[in-house]
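The chains carry the letters A, B and C, assigned in the order they are written, with residues numbered from 1 in each.
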Amino acid sequence: MQVTTREHLTAWLDGLARHLTLIAPKTVEQRVLYRPVADSSEIAFDFARTDLPVKEHFLPPTHVLLSIEKGKEGVRLGEPSPERERVVFGLRPCDARALRVLDALFLKEPADPYYAERREKTTLVGLACREMGEQCFCTSLGLAPDEAGDVDVMLTVMEEGRGGEEGRRYAVQVMTEKGAAILGVLNLEKVEGALPVPAAGSKTPVLEAGAWPRLFDHAYWARLADRCLSCRLCTYVCPTCRCFDVRDYEVPCEGASSGGASNGSAPGGRIERLRAWDSCMAEGYRRIAGGHNPRLTKGDRLRNRLYCKFCYYPQDYGPVACVGCGRCIARCPVNVDVVEVLADVATL
Amino acid sequence: MASNNPYLPYLGTLVGVRDLATGVKMFQVALDDPGERADFTYQPGQFAFVSAFGVGEAPFGLASTALRGPVLEFAVNRVGTVTDALHRLGEGDVVGVRGPFGNWFALDEMKGKDVILLGGGIGGAPLRPVIHTMLDQRADYGRLTILWAARLPSLLIFTDEFDDWRAAPDTALHVTVDQGDEAWTGDVGLITELLEKVAPAPENAVTITCGPPIMIKNTLLTLKRLGFSPDQMIVTLEAKMKCGIGKCGRCNLGEKFVCTDGPVFSCAEIGKFLESF
Amino acid sequence: MGEGSELIDKIRAKARELLQGGRVDCFIGYEEGSRGRARPAFIYDPQDAERLIWDERCAHNLVVYLHQFKSPLRRGEEPPRVGILVKPCDSRSLNILFREEQIERERVYVVGVTCDGVRTNGQPQERCRRCAERVPLVYDIVMGGVPNVLGRDDYADVTKLEQMSPRERLAFWTKEFDRCIRCYACRQACPACYCFECVAEQLDPAWMGIAIDLSQKQFFHCMRAYHLAGRCSGCSACEEACPMGIPLSLLNRKVAREVEALFGYKAGQDAETPPPLATFKKEEQLPL
């Protein structure tokens, strides 16, 4: 097995940050988020799980799809400039698996070029989990806290070496050619030993996709949704939720995107077509022109969200659209607990 | 990125804008690029996104058929911000077009059969290319019965084509409005009442229904009562959409997406939907 | 807090009685959740009143749920009557909604409960430390013992904000709103945010765009703080709901302090006093 130390890791990361965008866990006020960092000193090496998933760097909360310029010569459409090469450091296996889940949809023909480009230009350096968190349930979905198959390089924290933090050792597994290429001059040492095995957590039964339809009209969903606030945060903190909205906006003269109000466009102006996160949990999400709303009640919407994850997505694209990260469990203000729901559903 | 970006619209110019009904306009779009114009092949039942640049884009059923020319036609009901912006445009203005998307009516399978078309309000728009195709290839199809409805006479669309439709051989047009006005001398009542009156025979027949969800649901019930089987009842559904290519997640009915699995569905398929539209 | 299990029995008995007697169609309280949490409970059946609990984990402001009982449960019926368990802070929200004629007083049976403070993950909530109201301000029946601790609001957090220069304040709020994800959890948890169509989501006119970027987020929070001026009960449901730990309560408290200074008015003290920002008085004197 190959190992490196924290000291060597930080030197390597500093080198990477000089010629590409390094995205790593960073403490932002009271939260830990995957953020671009200038160098390794900004990285929060000891963290459990980031508060937002890495998806925000592949499906950004807001980004430009196209620019539209109306000039005397007519209308000209433009696409955004190419993305920079990036490395994501410290990616947990659940978030890495979530990218595979999103791949099944976004890389399916016709592929989403914005997602595809970010995926292609990003090397994933994972950090295995030594143990599962209190809300984690990745193993119930066939994942493992140390799953290395979804990243390019997997690091696993070993015991502290001599010299405190600096000496802390990491096992290094090179999983892909892309991973091998990025390692470059990282100082590696061959040692005897085995990777630590994470403690096995308890598993919750997850009904397979075909078993969900018969429960669709059950009274359970309306009761569960009584306390739901339609606050939508579950979809935003979720690593696999991806619904989006698209709208055009005039760009102010300075050239900076404002996402601001527009009910038309001035001739000779520049317009951006923006894509932004949206959520199926909002009341008006499915309302069509004329006012008809097929998902009028909270029960309809909450049921749809859970069915989308465990029944529809696997039927349409293959994987279950949940990786057991537990963020929705941690953040739901009214304790809609998907593990509890899965356990309930198995007995309905 | 370039040309295999499914979010990048074609540019088109409005070559005709005319009023169809109160709040409804017909837009005729000629795609600017000859190559794109040639590549844009579509079938009755498909839809495209039309962009009012500066506001956004929305999906509209293609109301034209390629059999009658390269110009794309869209009937647009003014109900929201995008349609309002489109209604402010005139001949010569530039719009964006993305498509064609979705599946289409299996017109080949309808050959030799009697066809009943039921259009409510703006829902008549996707049925227009079906009517045109069948009129242009009249001998291929059996008896053609068109039931057309709107809430008010001023909301009936394609009234300028009614004479053409009626004049075709073995073709009947029945029109009704929910509420008449002083000038109206035709039928007054719901399309389901008209359907009961006309009572088309289900033998060797197929129906296509399009209109507001409540109209579709009630029409299907009436058709069922008249003896039509689920496979004989075709509908085309509407949904709020943002991409048209099955990515944005918005238009699902259960595991089906209106944009990629539809918008054309048979009643048999809809019967298997978990969610009601 | 209160008399422990004896108080819980009283609450359950009351809910059972209200449901059995048909006085209410639904009783909203708290129940045991998963992972040691409490959560809102909706009791429709008298037998289910056994699920109700009451302890320091019961932090949610349940008044927000009254908005979903404004329409009949079934067509042709009257809107449902609802029983609700309220803490003193929640009762302020109730007064605000009664005053704004959003909820009919007769449709709600209010079970007030005295409170010594709630906790999140075992930690006392900041707002409880400075709470001076330990007995609900409106109720049909009040339960619980004489409250132990009486807090005092010294607005120290707001003072700290006010001592910053405008430039420092802008930097502070920019830093906080930067990690906002515009999920609207704050708005959805708030009993006073009940507009059918929020300004933030209106398309015509489009006051805001859909972008989740700093300018839109700042606009949203400032707009919401203004719309809550003189209407915010200080329950902190917004801040508790926020997944990104943004100190939303601080912004609302700053505005509330301004309203108190200008109009001598604190929201939710009663259901009669006209809210100052919805009232015009000729004799108003505002500092120039």
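General remarks:
Criterion: a residue touches a chain if its C-beta (ideal position, glycine included) is under 8 Å from a C-beta of that chain, and two chains touch if they have at least 3 such contacts.
Since this is a predicted model, take the numbers as computed values, not measurements.
Most remote chain with respect to chain C, judged by CA-atom centres, is B. C-beta contact counts were set side by side for B-C and A-B; A-B has more.
The mean-CA centres of chain A and chain C are about 32 angstrom from one another, to the nearest whole unit.
Rounded to a whole number, the gap between the C-alpha centres of chain B and chain C is 48 angstrom. Rounded to whole angstrom units, the spacing between the C-alpha centres of chain A and chain B is 38.
Each of residues 245, 247, 262-263, 278 in chain A touches at least two other chains.
Each of residues 80-81 in chain B touches at least two other chains. Residue numbers of chain C whose C-beta contacts span two or more other chains: 204, 206. Interface residues of chain C facing chain A in the complex, by the touch rule stated above, are 33-35, 37-42, 60, 64-65, 68, 175-176, 178-179, 181-185, 187-189, 197, 201, 204-213, 215-216, 237, 240-241, 243-245. Chain A contributes residues 28-31, 33, 51-52, 61-62, 134-135, 223, 226-227, 229-233, 236-237, 245, 247, 249, 257-263, 274, 276-279, 282, 284, 298, 329, 331, 333-335, 337, 339-340 to its touches with chain C in the complex. Against chain C, the residues of chain B that register as touching in their complex are 80-81, 84. Of all residues in chain A, those touching chain B in their complex are 65-66, 68, 70, 74-75, 77, 79-80, 82, 105-106, 108, 110-114, 117, 213, 216, 242-248, 250, 262-265, 269, 271, 273, 278, 280, 285-290, 292, 294-295, 300, 304, 307-308, 311-312, 315-316.
Against chain B, the residues of chain C that register as touching in their complex are 203-204, 206.
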